[in-house]
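Below are two complexes that have subunit A in common, paired first with subunit B and then with subunit C.
So, the complex of A and B:
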């Protein structure tokens, strides 16, 4: 069973898995379909209408994961229309010219399959997990709704109420989420990541049919989509089925390159504070703008991944050992880096005090570890162990079919390639201690950071 | 161990169309209800389960599979947090946080370094009714990993320093949630529904109870629970039966033969109550409980089908259609059958805008009433059977870890190693009359209803 909190954790794992999901065995292999029949041998090709296809065979269970990733996310939304990407994701489950509302869902549930969709800053993805014999049916439904959706004002109004409830549930009912939203809007002064994926309430309330149809016609096109099929199938089969279904959808106009506003230089220390009666233990997080895999110079994003691992991932990390084990002042402490993004991304450290420790002391202790790693770097032993953990994660990741699909999908939707995924372990292996130290010194500058504080009510304003 | 995640500033990153899992259905009656879903002809074909018994008499179910060089083991000792002595609530939870904090000759730090070097991940967790352990390891390092597991299971040190540290983290979590309306509501619910039964207690304990826990308490609980008599084991991955037998003897063979469990009474959840936890929230949570059905009862599968039709895991359930799809009143609305060792229930949960909470509650009750009076249609039943037959593999068998978890639950429920082959027959044999009878039996009771939000009568009244 999944609780909400666990769900949040699961999605974060999924997103960070985007960094892990590689098959080391394939690191130096080509990607053509005809050379290696081996398990996990990845094939990719283009349909004539520009739709990209990636096939990841995995014959351990008679199951196939079918995903369509559109290269459109909340950061691509027009001004004043925040939430339209996510709203549109919901609308994709409505009637089309060929299928009544709910018919696709019933077709999936009738065969014991599962289906869903998700939206992020840089992409929107739709997925079904079914028996391989149903793959063609899934493809025909998915290809149909790429172009044939019918949206009425009634449908728009009801589903808009659903996303407003979703916003209340995820954000407005939760002080941590309310704070996070405004920390993002402060960290990002210019880049669209400043706007929440789910949208600002007052703009969501105004989203309408005209907005939705314009959005649909612009972005839901085969030449803006990536098909990922992972599981008990062969590339030749997928190719034939994809040509028969998606291949019939007309190519849309070429979309302009995804060039968005970028951040100006940050010259200040910014803070955002929320005090709330529901909070009993204070906490903080500090964030920096750093390059993503797509925007970084060669090797920098890999170094940032390893930096986050050494500084704050798990109970062998520096923050855990220093604050929780040795000093005994924190109940949790860590760091993370979200590298699979189209534009510059964020690097975050966080902690919360335990016992009599004060938040200010905990923050100072985190800052001290950040300063130390930026000035002294990491040891060769720390770096080797961090690399080992990454390689191990990749092997464990192969154990779950949809993890592989998520890696390839998120990478390809954020400007990466199949080769980038496959060569990633080698690039991680090549990172040096100097390179980790260099990114720490360059990016983790305490005087140019954005910090969010979540405080109990009584500490407000005094 | 369940540590608090409330302080973790990591945030939702992806926004799916439908919330995964049974979300809040797990508020109180947690975790062990997973296996009311059923088995796929699909998986039965693909997967051979062997029963392996070691020379010392330890039995494990094994799925031998070499396609990924990974081994996953999962096991359970019966008797979880219900075994916490009165005044020592939180003992089982604290114990599960200490298995990687020193064992045998290795202190906390030495153990964790060895575990990291071995490339293995080990975790322990408790439910009301069991202590679960899991490990996943790289096949090539399985000897080192199993050796560490042997130490953790047989010779946990429970050193004072890690006890105090982990206890402080748990305490931080307890304090952090003290003013959280959801946590307050959870506690109210547990007391109202379970009275003074052990199921009413917080598995993390209270400030006072965890302060009272000593090293001797931990050792005593370990000694009482970690015995071969209450043990079930499942292993999936790159290991053959002969090798596994040696590992089973090494890890579990020297444990005492019998557990020493405090008896726990069966309890009927107390229904027909109205609980309001008033808090000024933009979204109101509703939670309703009806009687459940025992896993071994003759009408278990009719009840499972009925629940699925009411509000199960698809987009097509009655609650989903009436509450969300037609009226946009909620983002998530679910029903689930919860089976624990000593209590069963059918739980419905949803979250709805506070000014329309009364309306949503009325619709939920109306949907339930109609199902109780008229039962489902033949078509609904036929579609739901197909769903449940197909969904088992996708929901329960999508990775080595989830297969191992499923096999442990099958053993706990005493369903037999060939259950997956029989399950389809059980589902297909259910008649419409049986489902109608299950609906009448469970859903005509007056439910316990909990409202978390502003007073239900509406915003206008003081």
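So, the complex of A and C:
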């Protein structure tokens, strides 16, 4: 749930891109026709085996982005098996009944394409960007590894060593990442977002072939997957190719609803402090549990998005203006809301001191802005400008084909629909100042927050 | 994991009674014969259906304590079903195929006996104290409700309302209990001791008949139970009666080993603060994750028990002497270690200020004692006196028949054996000053601890 863990970067880009979306609804209401051409008509259909397909035409350049999103993430893992979702993302690059390990990667690079994969709390996704003529080949490789992986003890052992090393280098060697893990596990006391995506070391070490096969057979099925194709291709073509490739994969058993343990109400103020000699500049972040787009009452998540924008997104935000421009005590300060989650999510404010400023003073200044927005709300002018900034972001987002794919993929993998994506700008436009004030007052309560402190060693007693 | 939650009192007595045990080994080595008569010979055997039976003769008075311990506690609950172990303890007092609800209770009180039950993280126990002539009747009632409960929707709904009200009155109306819950969930980030025994409200509300029946069928089986009979009765009699009653209950399916998610290493200092207008005197407690008798390397748990004794058990302890006698700044101060747990457990220090003393000064004084014992260890004289205090406690414990039953029951329900109990005093005697220093230095690290603060409302910003 923190933005600093590297292997989540792709995912978090997807999350923040919930802000950077363009579609015909928006175009019709406020953006001039030339910024939102009619070609952005999204098509959505199901294959007979239950696989959902979304096609986002974009004919400006001869490329396509091909993504498969599985509705399985670290928050779905069985107790004691943390890390298996991410482990499986790795295993998907191994040999199948039809292709040697590495063959898919080489096929992509041979044609000048790019590919990757990422795992988050709620989903695991695999993607390639290639010329349209290679789309069928991509589909054929992806459809193959959906069911035909060869999981030997040797493959498991080798790749487990890789993820263990990944944990050592990305988490255990990084004080910020170590802190973030324990902040997450302190913020979340029941909901599984407390468990790190990469897994707890002692559990990763025990992951085995039996676990992996059970996981594969349960979750890597067409009826648990969403295919997103964005780019220079027609829906009819995608449909025909998808039926020819993915359509040949048998539907798996129905999965139960993704109902996870729910977070109890937080009654306390919590802190987590890490002092480490590798830290030179102290910093802090404060988090609250808030509803996501999937769990919120109508309008609340939209209000939280605008609240984050006004309070701490960019250099027009209150935190930036107060701490960096006016008081000059912070080197950075901001806020963010991760709305695209299946369960309740987090709203975060953060800052770090500049020069000789004390961390305690910086935190007090952030708290003052939080308290002010919770008690007094936002002005109509601020809210209008925040909405306008969104619109501009959406226009810029047009240039990123993979952004469109990410928006649809992350939304559909967390309980949303194509319609939710399309109607989102209208819902943002309807948010009132009262609604923003209401979510700020309800959720940003300083005595019920979780704060993480990263301190240089000498400030251990801070 | 906190000592203040009322419905756990019986259990925690059982835990702390690991200190108050008497047996022939001890008697032979250091206690005069008249304090440990030969009659304390414990008998242990299995029924054909797998039920373990322990008989502790005690012929001083014509009473028997009859306990059935099931190896199922809140830490064994499925995700999202918190509270079901405790809920089931309640359901065990409902109607069976052979007895109406309340009939068992009335039978006990009609003969002047007493009975009760308790649930903890690792076990659920039911006990009666009656005249020896009523032992068969007790066994017959207990054996009946082990398998013959009638769980209707109506029974479930009615009793669920009872546990919900129990949660409201014992937790939600009690600031200390609210704080303790969130401290536990902050200390434990992966191991299930983070989940309250009574359950999270939102999950208790959803417990249903299907859950209850699955739980009953899985865990309420003779091969998952330990029968302890202490008192004026011979092993042969107990065996005959047990075969006639419990022996008729069919063995259940084998249960998998009780392997639970393990706690990752703690790298941070964590705090949890609750400010509440109902609090008049502030207080704090600091906890560390330490091994239990079941998870520790040989000798470590014994050293932790003596460390707790020296640091903070009673008015000879360092904390009492420093904070209450010398400095006069605390109204109470102490330490405890809960050794009788299946998984890693907690070591806790606590204190509250006296008069105008500041909580921060009291905490600093406790921290200083912790730092001193971790860096300098304990003296041979202190250690000998601590061991002697144990021996005296053991002699006093002789007068409590139910203490003996609790010691054996809690040990056997958390992976220990009758021999473990019997050899325990010898193991305590072998602990060296180096071993006490080693566990203090290894575990009582102030920068990797979890501290809870209970504050009056006006000190919210403390």
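Just so we're on the same page, the second predicted complex is superposed on the first by the 430 of 462 C-alpha atoms of A that agree within 3 Å, B and C clash if a C-alpha of one lies under 4 Å from a C-alpha of the other, contacts with A are read in each partner's own complex, and residues count from 1 in each chain.
One rule holds in what follows: contacts are C-beta pairs under 8 Å (C-beta built on N, C-alpha and C of every residue); 3 or more make two chains touch, one makes a residue touch a chain.
The shown structure was predicted, so the numbers you read here are calculated from the model rather than taken from an experiment.
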Partner chain in contact with A:114 - subunit B first, subunit C second, else both or neither: first
First (subunit B), second (subunit C), both or neither touched by A:61: first
More subunit A residues in contact [subunit B versus subunit C]: B
Touching partner for A:164 - first (subunit B), second (subunit C), both, neither: first
Subunit B versus subunit C as contact partner of A:426, first or second or both or neither: neither
Which superposed partner A:376 touches (first subunit B, second subunit C, both, neither): neither
Which of subunit B and subunit C A:384 touches, first, second, both or neither: neither
Touched partner set for A:348, first subunit B, second subunit C, both or neither: first
A:392 touches, of subunit B and subunit C: first, second, both or neither? first
Subunit B and subunit C footprints on subunit A, overlapping residues: none
Complex contacts: residues of subunit A adjacent to subunit B: 1-12, 14-15, 39, 58-63, 86, 89-90, 93, 101-102, 105-106, 108-120, 129-131, 157-166, 168-170, 172-173, 176-177, 180, 197-198, 277-281, 283-285, 315-316, 324-325, 328, 331-332, 334, 336, 338, 348, 350, 352-355, 385, 388-389, 392, 395-396, 398-402, 452, 454, 456
Contact footprint of subunit A on subunit B as seen in their complex: 3-26, 30-31, 33-34, 40, 42-43, 45-47, 65, 67-70, 72, 100, 108-109, 112-113, 116-117, 119, 121, 136, 138, 165, 168-169, 171-173, 175-181, 281-283, 313-316, 321, 324-332, 336, 351-353, 383, 386-395, 397-401
Subunit A-touching residues of subunit C, taken from the complex the two chains share: 79-80, 82, 178-179, 182, 185-186, 189-190, 192, 194-195, 200-203, 259-262, 264, 266-275, 447, 460
